[in-house]
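The data blocks that follow each hold one structure.
Two complexes follow with chain A in common, the first pairing it with chain B and the second with chain C.
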Partner chain A sequence: MRTLDYTLEIRIPFPEERMATIAQQVLSPDPILKPEDFQVEYLKPATQHNNVLLVKFQSIDERVLRVGVSSVLDSIKTILETMDEL
Partner chain B sequence: MGDLITAKYSSPDIPELHFTIDVNDKRYQTTNGMTTGPSEHVLNAGQIDRDRPSDPKLLSGSSSDVEPHYTELSKLRMHLTGLQDDINIFLTEQMELAKKKKIKLHSEEEEKRIDEEINELLDGGDGDEEDEDEGK
Partner chain C sequence: MVNLNTIKPKNNRNYYLALGLEGSANKLGVGILKHPILPSHESGDNSHHCQAEILSNIRDTYITPPGEGFLPRDTARHHRNWCVRLIKRALEEAGINDPRNDIDVICFTKGPGMGAPLHSVVIAARTCSLMWGVDLVGVNHCVGHIEMGREITQAINPVVLYVSGGNTQVIAYSENRYRIFGETLDIAIGNCLDRFARTLKIPNAPSPGYNIEQLANKCKNKDQLVELPYTVKGMDLSMSGILAYIDSLAKDLFKGNKKNKILFDQKTGEQKVTVEDLCYSLQENLFAMLVEITERAMAHVNASQVLIVGGVGCNVRLQEMMGQMCKDRANGQVHATDERFCIDNGVMIAQAGLLQYRMGDVVKDLKETVVTQKFRTDEVYVSWRE
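Right, the complex of A and B next:
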């Protein structure tokens, strides 16, 4: 059984707390196809920086991590682009 | 500019590696990443990139001719694009290293197996364990 030893945490400070919450709600429903190989969490740490979205990835290797992280970052960029237009 | 995006990587070989953004570096001033979108080969073959990200949005009253001022969300998107490139490049390098390590390990195992077989033959065995078992 392989363990999820490869991790990446990305801390994204949104201009407003409301935007970080919207991004978290938009991203959370996406199902993970192989949770035994790759997992992702979208957190809003309860600190003074409530505008921060913390994205935590865990994976079995670099290859799976690269594919999963890049895909999630593409989604976050689309969310940012949409927010900017509205 | 206030708080910036940061990232932290860890693996069995690398306990902790931080990714940061340099706002003055050109790679964090574009919405077109180097490691995302169709390859140059595909584009040269005539494909049109319909998913191309939009350019960063200028603040009202700002001009792209002089020093442009972008919206906070556009700045965040540009920073994230650069960080995505950094992460993609780093992980691709790590994938290559892991591949080389695997090939080396495989060839070492193969070399060890051959050495063991040669040594067994030199010790008087015929390399066929079944025959030895039959003789017992």
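Right, the complex of A and C next:
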């Protein structure tokens, strides 16, 4: 059983708190296909404006980490574009 | 008696507006649909008579080069790239400036289909829903096709033949479910045609099936069918064998394998069969199989009408063959829609989704919006019909 030793944290600032909360709610429902290989958490840490989305990744190796991060970032791009344009 | 007016539209409007988002395969569709409030909907069984008005119906198809099919990752990327643009254009076309108050419900394809592309679209759907404070409804792709077909053609309780790249089912309505009477045991008919198109390396624009239909029309040997395996199994059918066989015929044709007795005259070495002949025979064979299983279902439920939905339903020859069977059998009719609605689109998702919404079905927790590759047509409780 390999442990999730490879980690990454990404902080994304949003213009307002409401948008960071929406992003968190949009990303959270989808289950991870192989939870023993990869985990992701979407958090809203207490900051000055509470407008930051903190994404914490954990993975068994670099390749799985890269794939997972890439996929989450793609979803975040869609969320940002939707917020921007619509 | 079914009351479709229990849920009122927002802001005391006398009509409902739904946004439909579809992305289960390589077509990304966004549609905006309007349903007026009708007194005929207070009771009775009138869900096929919504007087639906289409305010916009936009689609962008991810088309791959000849000889290639579309893969989930690239298709998902295409949908991500186009989703927001299409939604914006659809809202503009429909004249919606205040989605928060103008739109009653956002309908999205929950399944079945390809996982990654479905997911790309649901991310946008969830974001719009939370940003605008608009309810969400998850729709079964097959039910979307059926409800759009019913509304456009006004067919009264037909047997439905749902034929597309991903699905091949014969469906009849009974007691609040769209029940599957017959289906493919392996691949869908659209998939069979698309993969043969890849073997032939013909263009995928506007769609591989369309190009096979055009080649079949050019066949000059229509009275000399190339014999292909005919694989109806009771109420069901199988197509992987016929695909494997016709692929091997095509390969022999391209290689010039003179030993193949079907393709080349054994004495003169002259080519007897062309690509057009193969396309023609393939269509005749596959469509005859579909007509057989559809007729079998009609016999079971005593129906005289057939409604063809799904991308392959655009095929004129299929409509012709089915129409002939309906007429011979029960003096009935075949109903079909044109390519705006046959081919995957957002409006059909809005149509089915709005019917669901009007009957009180709405997403209460975002966990319900997780997409799924497998979603059987009969899993949906059809509350909007008797």
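Simple rule for what comes next: the second predicted complex is superposed on the first by the 85 of 86 C-alpha atoms of A that agree within 3 Å, B and C clash if a C-alpha of one lies under 4 Å from a C-alpha of the other, contacts with A are read in each partner's own complex, and residues count from 1 in each chain.
Here is the rule we use: contacts are C-beta pairs under 8 Å (C-beta built on N, C-alpha and C of every residue); 3 or more make two chains touch, one makes a residue touch a chain.
Small disclaimer: the values here were computed from a predicted structure and weren't measured.
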| item | value |
| --- | --- |
| Which of chain B and chain C A:Phe14 touches, first, second, both or neither | first |
| Chain A residues touched - chain C or chain B, whichever exceeds | B |
| Chain B versus chain C as contact partner of A:Pro29, first or second or both or neither | second |
| Touching partner for A:Glu81 - first (chain B), second (chain C), both, neither | both |
| Intersection of chain A interface sets (partners chain B, chain C) | 74, 77, 81, 83, 85 |
| Partner chain A, residues of chain B touching it in the complex | 2-12, 31, 35-36, 53-54, 57, 71-74, 76-77, 80-81, 83-84, 87-88, 91-92, 94-95, 98 |
| Contacting residues of chain A [partner chain B, same complex] | 5-15, 19, 49, 51-52, 61-63, 65-66, 69-70, 73-74, 76-77, 80-81, 83-85 |
| Sites on chain A touched by chain C in the complex | 22-23, 25-31, 74-75, 77-79, 81-83, 85-86 |
| Chain C residues touching chain A - in the complex, by the definition given at the top | 76-77, 80, 83-85, 87-88, 91, 99, 119-120, 123-124, 126-128, 130-131, 366-367, 369-370 |
